[in-house]
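Below are the structure tokens for one structure; questions will follow.
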Amino acid sequence: MKSYIKNQINEFKEKNQNRGRLLVSCPDQPGIVSTISKFLYSHQANIIESSQYSTNPEGGTFFIRIEFECPNLKEKAAEMELQFAELAKEFNMEWNLTHVYNVKKVAIFVSKELHCLLELLWEWQSGDLMADIALVISNHVEAKEAVEALNIPFYHIPANKDIREQVEKEQLQLVETYKIDLIILARYMQILTPTFVSANPNKIINIHHSFLPAFIGARPYERAYDRGVKLIGATSHYVTNDLDEGPIIEQDISRVDHRANVDSLKKIGRSVERSVLARAVKWHLEDRILVHDNKTIVF
Amino acid sequence: MKSYIKNQINEFKEKNQNRGRLLVSCPDQPGIVSTISKFLYSHQANIIESSQYSTNPEGGTFFIRIEFECPNLKEKAAEMELQFAELAKEFNMEWNLTHVYNVKKVAIFVSKELHCLLELLWEWQSGDLMADIALVISNHVEAKEAVEALNIPFYHIPANKDIREQVEKEQLQLVETYKIDLIILARYMQILTPTFVSANPNKIINIHHSFLPAFIGARPYERAYDRGVKLIGATSHYVTNDLDEGPIIEQDISRVDHRANVDSLKKIGRSVERSVLARAVKWHLEDRILVHDNKTIVF
Amino acid sequence: MKSYIKNQINEFKEKNQNRGRLLVSCPDQPGIVSTISKFLYSHQANIIESSQYSTNPEGGTFFIRIEFECPNLKEKAAEMELQFAELAKEFNMEWNLTHVYNVKKVAIFVSKELHCLLELLWEWQSGDLMADIALVISNHVEAKEAVEALNIPFYHIPANKDIREQVEKEQLQLVETYKIDLIILARYMQILTPTFVSANPNKIINIHHSFLPAFIGARPYERAYDRGVKLIGATSHYVTNDLDEGPIIEQDISRVDHRANVDSLKKIGRSVERSVLARAVKWHLEDRILVHDNKTIVF
Amino acid sequence: MKSYIKNQINEFKEKNQNRGRLLVSCPDQPGIVSTISKFLYSHQANIIESSQYSTNPEGGTFFIRIEFECPNLKEKAAEMELQFAELAKEFNMEWNLTHVYNVKKVAIFVSKELHCLLELLWEWQSGDLMADIALVISNHVEAKEAVEALNIPFYHIPANKDIREQVEKEQLQLVETYKIDLIILARYMQILTPTFVSANPNKIINIHHSFLPAFIGARPYERAYDRGVKLIGATSHYVTNDLDEGPIIEQDISRVDHRANVDSLKKIGRSVERSVLARAVKWHLEDRILVHDNKTIVF
């Protein structure tokens, strides 16, 4: 990547050497917050921001996200993880302790339509989206120039349903080689197999160009036009094996009127898609999202 | 109705003695605007506001709404209609010439949930919704007090699917007696028969408590909750014989988050429903809506 | 008040017998969350929802809102307060422990324009706004009928700047007699004296009919019209002695276009004002608002 | 410019050979629409879309925008202009007849912050913004690479208030040489002199990074932060000699909360600025904007 972007990332890492985030979900019961905060305090960690939510005080599920500053976090992180694992067992927790210093590695998949990719690249180079964009994979070549202009590796892997298996093998290989934390489908118009999806649970974010569950599947703008809707929308969600049925992260809409034909809907829709995907990606990068029962809690 | 509301209506009529509106749709061809505006000018009418739209310059459909001031409109209206009918034949027009002085007569149908009814009554008494609310019909009694407090006739007609035919006969009788121009289903939870609907084409406005076409049918908030959507919506539309499939007039949404349970969604949704229905009703009362191909043009 | 509203309130109290809320702000330092959560746990309280925020990890201010279920809260509340006071001293906390069972007593002040009052009454009677609306005070009589129809005491206290002192004395007397927790200025067009304001710090919510700080002061819609803005807004804020300068709680806007004259702006604006005020009031009633440095933290 | 963009423009020109737009404002009186539409019909022009508005039926101002298809427009345009000029005299019209084929020439001025420029370039290359971006002028070099990558001439003209006169002379020279129709200040942080502004009336569009008239002048995000607003906005307007006081074309806002510091406000604001400026520019390019009394009518 370009050196000024590298500098931005390095500055961010410098600034966040001691910044950690803890995400927890578990069966609700009294004493969880007390236990977690005592644990953090025992490591001299100062809680900067925390959000908590319970589905139901009795027999429900408890969720918390804590962002904290902890002196010498880099040195202590491994030990903290070990200790927290003990405590987590007691409360039957699913949990994740992340070190903000470890900027997440991202792969972007794209087809011919570039607006979502370009939005991400743009926010990225302006420092508004903190990630290490490690590579872009496309079944077309349209994106090549814009991607390589930023010194990001671009992989052209033609795809269609007949060679899907082979294609995904190559893709998974790259995902592994680059140690990717997050895959973004930025209008990548191919369906992924269960093998690919299950290898990356809650790690693939897709943008669907409609207000789900309206217009699930193909050609949503055409169908929105036919129905005569007055708002068009976009939905970003984690990918599961049920098409367009994964946990919704973010949605937004834009107003349209009778003058808009299908092309206008697409143009207007592009700007909704761009911002909806970018917001979802940022929240994921900031460890703000917990998935529960095919829904997201966004803290 | 209460005397201060009567006064508001009378003032409005006084002010709009010479105000007319012309709505036209027809196959597109050159010369339509010229012909219509010449016609209006020949009656000394001054065009105040006009909006026009064509689906396609070649072989498409032409739509126009014109609001005009015409001296002595009251006296001339009948003659103008006759003359315009001639001209309309030539261009194969569907058209409607309304005299704003003739405030529209409205019937509101409601069940137990009163928020949409109350919004309409409220905007009405504050002068923000210009109509003659002639009666309210309900299959329950919850609305009785609020309606009668404004001296509006309230008809309690219990309904269920076994007696639907008899119920609709009574309702249609009232609609006829009161010479109703517009029926508003303000969360009236009964399905209307094809007989009732076809007797009132594009004259029945319904509010559906979801962002159509998502969550067509019953229990939309429950289903929105289950799907984990991040926005909930409401849709006002003309009623046709296909459930929730009529031409959409207006839609809007409100943002929700993971903390909202079904009850919260309903509460938040109420305020969206209220404003979406009120806007649709106002546009209808102002003759702003043309229906074409199961879609609306809203000028 | 009407009996069905009383029933709603009683049901709510029943349901929230053991529900408490703790609001704290203090200089930031490690260990605060740990201390608070340990305290709650020691009383068998289960944290249902918590939100925390720090202006700055080093030398900043710490804010937290915790909602919890605590067995036998009613009996224990006094003792808990005493104990927490000790702990609060240590950390130099400003704090507030509320028992949700104690539904807040509210006074609404209104002039001639009733839309904001009616919105509040409406959400209230439909159970969407949980408060004990103890009285309405107005310098006009327009609101009398709607208020008394709900069996709420209505006090007509004519006001103008010459008799302001006497008027406020009466008003303060009523506020005291009714043990009012929150005063809502629902388009009450009189300026309050420093005496009145300082007697009710962060307990008076006003709705200003513009997007502050645009159009501070009188006639905001007229000035918005003159400036040709494309959006009009409304702002709810706590009242301080600087006109329209108090901490902003909530703002929203509505789109307008060139066709809107001053009257249209007012009509459109009314519905923004209504919802902005209602949201601010609900957040206050739910103890979601902390004030710091003339700003609000809304959890 | 790049060849694929040239191709897009050429396709557009091909498609719009016979497409014209007529903008008129004049003192209101009966017969204007009739006269104009008769004129168009006499040239076999078919009206595709028209919007009309009068400030006041009696003694007000009349505005109309008509988009039409006219066979052989290219050949007839000059003659039509001559004829319309006659007719315009009669009605005291200000008017503008544009041929859509003549794609507008645009100059973009920018400083260091590139988000608004990049948005425009982006929508432009994806075919969503139909213009001939002839050059970019900047007092800094940050934009150079992105601009030249699209084969657009980039002029680096350092500026400060001491050399303003000389700088503007160079800029005006370029504007003249390139026959510029529209100047876009895409976060160009220099104040223009009355000489420059009066040479380009209603031809300079600026983006101001606040919801005007709130936070006129410098450092709007800092001041928004200090005031604790809950929404931040952006405003695009034509430039006049009164700073930030020109006719507003478009405004929009984004919601923010207590967690946003000045930097976050800036980041969130960027995306509002981008879309608000892009919309204003598109409306201008489509001849949708009429200016009257320091306000805009946007059809």
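To keep things simple, chains are lettered A, B, C and D as they appear, and every chain counts its residues starting from 1.
Operating definition for what follows: a residue touches a chain if its C-beta (ideal position, glycine included) is under 8 Å from a C-beta of that chain, and two chains touch if they have at least 3 such contacts.
Everything numeric in this text was worked out from a predicted model, so none of it was measured.
A.B. asks: Once the contact rule is applied, which chains count as partners of both chain A and chain D?
C.D. replies: Touching chain A and chain D alike, sorted by label: B, C.
A.B. asks: Considering only mean CA positions as chain centres, point out the chain farthest from chain B.
C.D. replies: A
A.B. asks: Report which of B-D and B-C is connected by more C-beta pairs in contact.
C.D. replies: B-D
A.B. asks: Taking the mean of the CA coordinates per chain, how far is chain C from chain D in Å?
C.D. replies: Comparing mean C-alpha positions, chain D is 43 Å from chain C.
A.B. asks: Please compute the C-alpha centroid of chain B, do the same for chain C, then give the distance between them in whole Å.
C.D. replies: Roughly 36 Å separates the two chain centres.
A.B. asks: Pull out every residue in chain C that's touching 2 or more other chains.
C.D. replies: 49, 53, 259
A.B. asks: Quick check on the complex: what are the chain C residues that touch chain A?
C.D. replies: It is residues 28-34, 37-38, 40-41, 44-54, 57, 69 of chain C that touch chain A.
A.B. asks: Could you list, by residue number, the parts of chain B that touch chain A in their complex?
C.D. replies: Within the complex, chain B touches chain A at residues 53, 211-215, 227-231, 233, 247-253, 257-259, 293-298.
A.B. asks: Would you pull the chain B residues touching chain C in the complex into a rising list?
C.D. replies: Residues in contact with chain C: 49, 114-115, 118, 122, 126, 128, 149, 259, 267, 270-271, 275.
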